[in-house]
Amino acid sequence: MNRREPIEYANASPQVRAVFDDIKRSRNVEDVNNFWKYMAHDPATLERTWTSVKEIMSPGALSPLVKEMLYVAVSATNGCGYCIASHGAAARKAGMTEAMFGELMAVVGMANETNRLANGYRVPIDAAFDR
Amino acid sequence: MNRREPIEYANASPQVRAVFDDIKRSRNVEDVNNFWKYMAHDPATLERTWTSVKEIMSPGALSPLVKEMLYVAVSATNGCGYCIASHGAAARKAGMTEAMFGELMAVVGMANETNRLANGYRVPIDAAFDR
Amino acid sequence: MNRREPIEYANASPQVRAVFDDIKRSRNVEDVNNFWKYMAHDPATLERTWTSVKEIMSPGALSPLVKEMLYVAVSATNGCGYCIASHGAAARKAGMTEAMFGELMAVVGMANETNRLANGYRVPIDAAFDR
Amino acid sequence: MNRREPIEYANASPQVRAVFDDIKRSRNVEDVNNFWKYMAHDPATLERTWTSVKEIMSPGALSPLVKEMLYVAVSATNGCGYCIASHGAAARKAGMTEAMFGELMAVVGMANETNRLANGYRVPIDAAFDR
Amino acid sequence: MNRREPIEYANASPQVRAVFDDIKRSRNVEDVNNFWKYMAHDPATLERTWTSVKEIMSPGALSPLVKEMLYVAVSATNGCGYCIASHGAAARKAGMTEAMFGELMAVVGMANETNRLANGYRVPIDAAFDR
Amino acid sequence: MNRREPIEYANASPQVRAVFDDIKRSRNVEDVNNFWKYMAHDPATLERTWTSVKEIMSPGALSPLVKEMLYVAVSATNGCGYCIASHGAAARKAGMTEAMFGELMAVVGMANETNRLANGYRVPIDAAFDR
């Protein structure tokens, strides 16, 4: 199979289909998104990544909404276009309003700015924080 | 004043003192942390940065706790040691438990991983996300 | 010449042509790829970059295959789309199979994850490693 | 337990000890390194990360040596001091000579340079690479 | 209004129009560029960002030309396609010639290379620089 | 020679000494800084890097002062502590005042902020900039 093409369910191996089935069931969607169809070129990575994502993104001390917003914050910082789009959609599905997205991006922008100010001025860590 | 030393209140200009006073009042702290004492070498940046941080980090559609966690997520992604320490402390003050920190870091780690998988496999954005 | 257009051999100066000729001879290709055609807008950078790339990527203690995979690892980490595509192609030409690419990306993803976990938890360097 | 201190085996929960035991057995070492002692503050992340690292870093289509060098390449690109030190040590244990390290760093440096040249000149992907 | 569409002047609120008017007046342009039309989805961020950009990018100890070139250097390092294009255009409008752009990119490339060499070799800061 | 120690002139090979001599002569300094003493562990990289740095950082369409400031901007963005310190010192030697440094950092901070806003809002490039 050409690695530049997504692997669709119809052409997938049983191992890949089992992961796709679990994604569809867990997320209650009719089809998996492109990320998983490309990961399917490496079934070991597909399975390990899905197992980890499923465990990490499920409700815990943090809500799925907060977790998706953290995902967007990291993805915008790294400039990953695919991840901004897919986790932005997931965050909205989990309840992120446009006002929340606006504030999320404002924090991300400011954090990226002050990270560099702290670097450039070589600010030493306060004793109070170093615990 | 030596730029490699923090500017303490006692040695600060009236313009810098006014910002320090507002930070102490707004955050109910006895002293500002090192970041501000170094920014004080450039009063215009000190004032503008504090005004922006104050506006952005105040409660809105997102709580201060969520905003501080987003700040930590960006800082850990960028590897800014000072910012991880200072905003980690702020997040804890705002209510972040160790369990929440653990999940926050798990999401940050996973997002940084899948950002690179999406890049490396050159995954195209699903039509459903491109809206 | 419009800097947004590649400089083709037919329109290139003798200095640029000499570099293009050396690239084609060294790599045994009929034409240079876009990177070089854009670098040609700055002949000094073109010449210096090619000289360095040629020296660095030639066989030594590491094989050309390993070197191209390292290039892909950096490019996926930085999210450079052009570089992922061009050095992915070079790595495949040098013998990278799809199984190798899958493992390469798995390592790149995991390294990007644990880099952030180490940052966020502020893990101190073990004495044993600090030598 | 203070999250700014490593969790030593003597103070670890049975779940954490089980992971530490597996790391020691798999790597044939007497003690785990700091990374794992800090991850132990979040046993779920400790266990998931170790399981993934163990699977990803074991011999496959790529040798452990090549995998460790890829890890160093990513860590140097991200500037993760801990990871450069720990995976540098692992790479040397797996057989990386100083000559190999020198070439590895030369490739990492050059890739980081050309990634930015490709970005800055906005080089479009060659049709031949876009497959 | 659909957040994936730019907000044009005709459809903008009075608060947004006031910012757009100030941008057009300050820059002597007939229309604002896309960045501002998207920021308009969050009027608070639009206003704060424009106020900061206007203050920071105006002539001071550094000329607008040098400031725009610094902006391009950061944007190329981060791989922000939009920012490379828009601030590249602004730098050219402020007087950047193609020769200057060539040297700017050469420095950016080299700095990204040596940043990683310094990281990878774990070079300690010289006492003479630590002041 | 232990790779974690700098290579001093007294212990250097003739090839390394020749590079050190040229650095000292070109920069009119009595000793080279740590970066070069660590690069000396890989004489090929030492020589190639110095040749490139010397060519790139010499006066041209941009002054050495502007070039050093661009270097600082990249280094602060990447968070390379060594590079911020060494090129900050070089920029000051070339004439950068504290006011200039303040403005430089203000631009770097703002660029890092707006890079992420442009990413997160997925702003399309204006037709006017795409030339």
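All chains are identified by letter, namely A, B, C, D, E and F, in their written order; residue positions are counted from 1 within each chain.
In this text, contacts are C-beta pairs under 8 Å (C-beta built on N, C-alpha and C of every residue); 3 or more make two chains touch, one makes a residue touch a chain.
Note that this is a predicted model, so its numbers are computed, not measured.
Colleague: Provide the labels of all chains in contact with chain E and in contact with chain F.
Modeller: Common neighbours, chain E/chain F: A, B, C, D.
Colleague: Go through the assembly and pull out the chains touching chain C as well as chain E.
Modeller: Looking at chain E and chain C together, the chains touching each of them are A, B, D, F.
Colleague: Need the most distant chain from chain B, centre defined as the mean of C-alpha atoms.
Modeller: If we average the C-alpha coordinates per chain, C ends up farthest from chain B.
Colleague: Looking at A-F, C-E or E-F, which pair matches B-C on over half of its contact pairs by residue number?
Modeller: A-F
Colleague: Could you tell me the distance, in whole angstrom, between the mean C-alpha positions of chain A and chain E?
Modeller: 27
Colleague: Measuring from the mean C-alpha position of chain A to the mean C-alpha position of chain B, what distance in angstrom results?
Modeller: Distance between chain centres: 21 Å.
Colleague: Considering chain E alone, which of its residues make contact with at least two other chains?
Modeller: 3-4, 41, 44-45, 48-49, 52, 56, 77-81, 85, 99, 102-106, 108-110, 112-115, 117, 119, 121-122, 130
Colleague: Based on the touch definition given at the start, go ahead and assign the chain network to line, ring, star, complete or other.
Modeller: Per interface graph, the chains form a complete graph.
Colleague: Taking the touch rule as given, give the residues of chain F at its contact with chain D in the complex, in rising order.
Modeller: Touching chain D from chain F are residues 3, 41-42, 44-45, 48-49, 78-80.
Colleague: What part of chain B is in contact with chain C in the complex they form?
Modeller: 72, 76-77, 79, 81, 84-85, 104-105, 108-110, 112-117, 119-122
Colleague: State the interface residues of chain D toward chain F in the complex, per the touch definition above.
Modeller: For this pair, the touching residues of chain D are 79, 98-99, 101-103, 105-106, 109.
Colleague: Can you check the complex and tell me which residues of chain C touch chain D?
Modeller: Counting only chain C, the residues touching chain D are 3-4, 33-35, 38-39, 41, 45, 49, 52-53, 56-57, 60-62, 66-67, 69-71, 73-75, 77-78, 80-83, 85-89, 97, 99-100, 102-104, 106-108, 110-115, 117-119, 121-126, 128-130.
Colleague: Any idea which chain D residues touch chain A in the complex?
Modeller: Touching chain A: residues 2, 4, 44, 48, 52, 55-56, 130-131 of chain D.
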